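Order as written gives the chain letters A, B, C, D and E; numbering starts at 1 within each chain.
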Amino acid sequence: QQRGNNAPAQSTTTTTTTPKQPLTTVKLALDWTPNTNHTGVYVAMNKKWYQDEGINLQILPYSSNVTPDVLVSNGKADVGISSTESIVADAAVGQPTVSIAAIVQHNTSAFAALASSGIKRPRDLDGKTYGAFGAPYENAVVSQIIKHDGGKGNFKSITLDIDPLQALQSHRVDFVWIYQGAEGIQAKHEGMQLNMFPVINYGIADYYTPNFIASPAAIKAKPDLLHRFMKATARGYEYARTHASESAQILLQETPKGTFPDPSYLQDSQQYLSEHYADPGRRWGLQDAAAWHGYPEFILKAGGVKDANGKNVTSLDLNSLYTNQFISS
Amino acid sequence: MTLKRLAGYGPAFVLAVSLFLIWELVVRAGLVASNLLPTPVAIGRALYDNWDVIFGHTVQTSLETVIGLLIATLLGLGLAILLDLSEGVKRAVYPLLITSQTIPMVALAPLLVIWFGFELTPKIIVVTLYCFFPIVVACLDGLLSTDPQLMKLLHSMKASRWQTLWLVRLPGAMPSFFSGLRIAATYSVTGAIVGEYVAAQQGLGLYMKTAASSNAIVLVFAAIVITAVLSLLLFGLVSVIEGIALPWHQRQGRKR
Amino acid sequence: MQNKHEDAPKLIVKGVSKTYRDGKRLLDVLEPLDLTVGRGEFVSLIGPSGCGKSTLFNIVAGVDEPGSGTLAIDGDWQGERTGRVGYMPQQPLLLPWRTVEENVLLGLDVLRLPRRESQQQARDVLKRFGLHEFADSYPDTLSGGMRQRIALLRTVLFNSSFLLLDEPFGALDALTRITLQMWLLDLLQMYHSSVLFITHDVREAILLSDRIYVLSARPASVLRVVDIDLPRPRRQEMLTEDTSIHLERELLSLLVKEQPL
Amino acid sequence: MTLKRLAGYGPAFVLAVSLFLIWELVVRAGLVASNLLPTPVAIGRALYDNWDVIFGHTVQTSLETVIGLLIATLLGLGLAILLDLSEGVKRAVYPLLITSQTIPMVALAPLLVIWFGFELTPKIIVVTLYCFFPIVVACLDGLLSTDPQLMKLLHSMKASRWQTLWLVRLPGAMPSFFSGLRIAATYSVTGAIVGEYVAAQQGLGLYMKTAASSNAIVLVFAAIVITAVLSLLLFGLVSVIEGIALPWHQRQGRKR
Amino acid sequence: MQNKHEDAPKLIVKGVSKTYRDGKRLLDVLEPLDLTVGRGEFVSLIGPSGCGKSTLFNIVAGVDEPGSGTLAIDGDWQGERTGRVGYMPQQPLLLPWRTVEENVLLGLDVLRLPRRESQQQARDVLKRFGLHEFADSYPDTLSGGMRQRIALLRTVLFNSSFLLLDEPFGALDALTRITLQMWLLDLLQMYHSSVLFITHDVREAILLSDRIYVLSARPASVLRVVDIDLPRPRRQEMLTEDTSIHLERELLSLLVKEQPL
């Protein structure tokens, strides 16, 4: 029995309160432990909007060892949550995935240093130590923002497997890369003073992260199912955008007990993200070509993309990496 | 258990309490930041407060551990016997077994999840993979150091290879086997935790992971306490079983 | 057990020699050596310590191969020798994880006899040997002589038609030894057994044997073969007869020449 | 090494080649996606192409492994002797050692990084933590099964506790010790890899992690190949050292 | 070694008894038992197999404690007994990881004597025992008699002032045994040693001893104490004198009554 999604346990043949047709199971692979990036999904689940679309949603637990991209491209999940960088990397290694919606309209990630460190702007990062998480494009992005701010772009990089805030507190690294809506808010709740440098303010083209993804094969084989899935999902995010406080409550309630040992920052985090899910007057999830060319081209050029054998990849058909066809009008 | 036996645990108790005390004081004195290393008291309270949640995870992890350890035991014994068949088999298969111990989870995890999903199976596989190796090595070393004189005696009786194994070599290797099993039992719980890290809907590993990613280090430590207790129980269980299964060997130990 | 040659001697040893390699050194232990044990015969080997008696036993029992020469049990020159003798090695080699009774039953387990019957048999002989009290003890608490008796029992229960006994009474006091000697002679009578026997006690050899082979110091060769013509059944008193005393002196003086010390 | 000894590796070679062949064919036939499990040929090529980069990482990892294993060996021996001192010490300290084996990296990693930084030290600590335990357990079990008769003999000579240890118990426990060391040697490389996962600038673990996060699974497997080879070398080395250190024991094994 | 009481007997055993617990069963092994070994005396114990001789030795050597009673070495009733005797157990107990020579040196290593000197000493006695060829061999390839000789050497090198020898010649052929008996008597003469000796050979006991304690079957008690008045130095021929033969008969008949089988 699946317990992770806390959904009523049921198979495709069992029926619910409003039986129209037998439910089809859709598996969703998460990119991280449940957080406010995922609120829309949990809201839609809570409101039974997936059932209304004839879908029994099954949320696969996050695994730091198996990316959602792998699960999606191998057909073990129907949809997943990932990021622009990963989608580009998938294409480069020949296991393409396609972004079918942007969860947040603008990149909310930032570099962060302790306020007490005296690092006031990106060029102060020269000669400092960066706590990396192991992605190939990190160095290119860091040196770009330093140079953009008039620095030389020299820094030391250590790849860490620990929580970025903890790493900062250890004073063993000087700066890390975080999401403002997640770690940024969390730091505030723990009384940590951070100086944050949002990447899009320092010469990095805006891009989507995180995104919903599906495999090209699934898009071809069951577009209708994906369409119905995205319809319910979009409804969820739309609701979360307009009912931040209630949605945070739903997230807490729908996730397994213990997921948020200290839920106090959920409200703030949700408040922040609800404002970023969509631009005013624009439907949630839509993606623009600009975002799919600026940043991806930059990391391609900077040597941040490698093929399956570790060789640099310098060009890709970026337009095939996303689609708006499942965002209904 | 008699009072006297209980009293035997006195030193363990004293040591444990003093260590906890030092730990508590060191953290309280601010020598270590409490968000990195919570105090024992804080851990105890967290354990108490979250017991209902933790309990469910504990049951799941225990189940995976015990099944995996049982399989590993059988597999380990079987492989030791196989490797013992001939120098050739040993040369051929041993490198494979060693290689199996060097595969990191990054490489194994995707295969496990794709092939076996998110249920019990992948965790049991990880536990088995963690545990069979010490059993094979220890048991094989035990088999290989059978007294050659005893082998000659059995040979003179025209005992078959299997009879020699069954009557002399395996019983003689049992102390070594239990030595390996003790190591395996200790690793088994950790194996389940790692397996749950890879992919789980339930279990202490999952609990640690979610706790860690919300920076709730005290809950991570609460889960570690449970993990340690489970490991100690399994280790103790192995020793008890050894005492029952090898009365002749136990006696030597006690007489000392 | 194959009995192709019903009338062939129980054991023929022809030109058997043995050289051990100890590290780089070669150690000649047996010179080419001939020896025969007839059906129902009791043949003893005596010789200086370390001369190669146990080595010869290992070869006869089939657990070691001769450097040269051949041997036949029941006239069979080709077949496997293992399984055809009850071999009692010099060390008792009891299994520490088996109780006394289970140790005695080891041979029968190898023969895959049903436990029920063999167990009764074991209990009976253990009683006869004064060991029934210890049937369920583990061997590590037993006295030296008790262990030796258990090893002897294990051997005769496994195969009493041809026994190879390597100093079976070495750790026994004079009286227990006499009792067991008599028990053994009875047993042989009953089962028409043949025996090859190592002892360091010349008087014991005289008392029990039909024939004694006196071996030289290492490398062992046959110095002398002595037939003992005392009538059977043998009794202890025969040892004080003149012929016996004469024989004892003669054998000892033969050994004196071999004394390497 | 004589030709004859080389020939002894024939079966190992045949088995390895056949396994590689099956693997290659299974993947080529599409039974397993090659992005999850690359073919041996692809791994070989990747290894060849990236040898200059991988070599540097290998040196780093080897260094950590060897230092950690050496420390673990000394520590393991020392702890086994300590635990052997008395039943009380054993009861008190053994649970601590077991607990040390149940601490998952999520909890340990931050502490390691904060206390010891990013250099060699934290990796050596992880390797030591991985390796000392099998040595302690095996060596202690060896010490505890000393023949009580031998202990009596030494006692009759009024040998001190340390003389008994040095002259009888430790030599008698050496086969068990090497059995544990064999297990430890196998784990040591994996320990270094795990340590590098926590925080590293260099090393095969780091290489695997970056490769995995850019989906270059073939490079992960190339690093695994190196890891396995290092483990096999260490395992072999332990066996060679055992042969030299315990000529009396080796001989029994061969005679079999 | 303390010599508080220069003139006290070497060993006094007073009312020593022993009961073993074997699982749930209690096994009385020694009845309260008295025994004395004077300075320079050679005292033998004979008794049925399993009666408790080795048990008594363990107690005297200080590796086992008596159930009741007390004992004194050199008149010292309180002190530790360990380290004051050269104890040769019934099993050779050679260390498989030490070569023959190193095994012989074990006692001297325990005494922390410098290796240089002791090594020369060991080489000399090994030669005397016909074992110099095997000085660098490991014990597992040696014959039973060779192992026993090595154990004896280890014992006398460790302490020759008071020896406890448990069937030291049990695995030796008649001639080697005679040679070593004579060697032992010489040694005792030279070092004024005292000896407590277990043997199952009544003649050996007569030949070597000043006094013989005859023990009953388990639980052992002293049945008879026999003084042997043969003049010293002793020679093999004395065994064929009338007094010796008479004594042998008497001792054997004593033992017959104890025969449990």
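Basically, a contact is a pair of C-beta atoms (placed from the backbone, for glycine too) under 8 Å apart; a residue touches a chain by one contact, two chains touch by 3 or more.
A quick note: this is a predicted structure, and the numbers were derived from the prediction, not measured.
Least step count on the touch graph, chain B to chain E: 2.
Between the contact lists of chain A and chain D, the overlap consists of B. By number of C-beta pairs in contact, chains B-D lead all other pairings. Remark: chain A and chain B have CA centroids separated by 37 Å (rounded to whole angstrom).
Averaging Cα coordinates per chain places chain D and chain E 49 Å apart.
Chain B and chain D have Cα centroids lying 16 Å from one another.
Under the contact definition stated at the top, the residues of chain B that touch 2 or more other chains are 33, 36, 106, 110, 114, 147-148, 197, 209, 212, 249, 252. Residues of chain C in contact with two or more other chains: 91, 140.
Under the contact definition stated at the top, the residues of chain A that touch 2 or more other chains are 70, 74, 163, 166, 170.
The complete set of chain-chain contacts reads A-B, A-D, B-C, B-D, C-E, D-E. Listed in rising order, the residues of chain A touching chain B in the complex are 2-4, 32-33, 60-61, 63-66, 70-71, 74, 76, 163, 165-166, 169-170, 186, 190, 256-262.
Chain contact summary for the complex, chain D toward chain E: residues 147, 149-150, 152-159, 163, 167-168, 171-172, 174, 246-249, 251-252.
Considering their complex, residues 58, 61-64, 80, 82-85, 87, 89, 91, 93, 95-98, 106-107, 109-111, 138, 140, 158 of chain C touch chain B.
Chain B makes touch with chain A in their complex at residues 33, 35-36, 50, 53-54, 105-106, 109-110, 113-114, 117-118, 197-202, 206-207, 209-216, 219. Chain C meets chain E in the complex at residues 20, 22-23, 46-50, 53-54, 90-91, 128-130, 136-137, 141-146, 149, 167, 170-177, 179-180, 200-202, 252, 255-256, 258-261.
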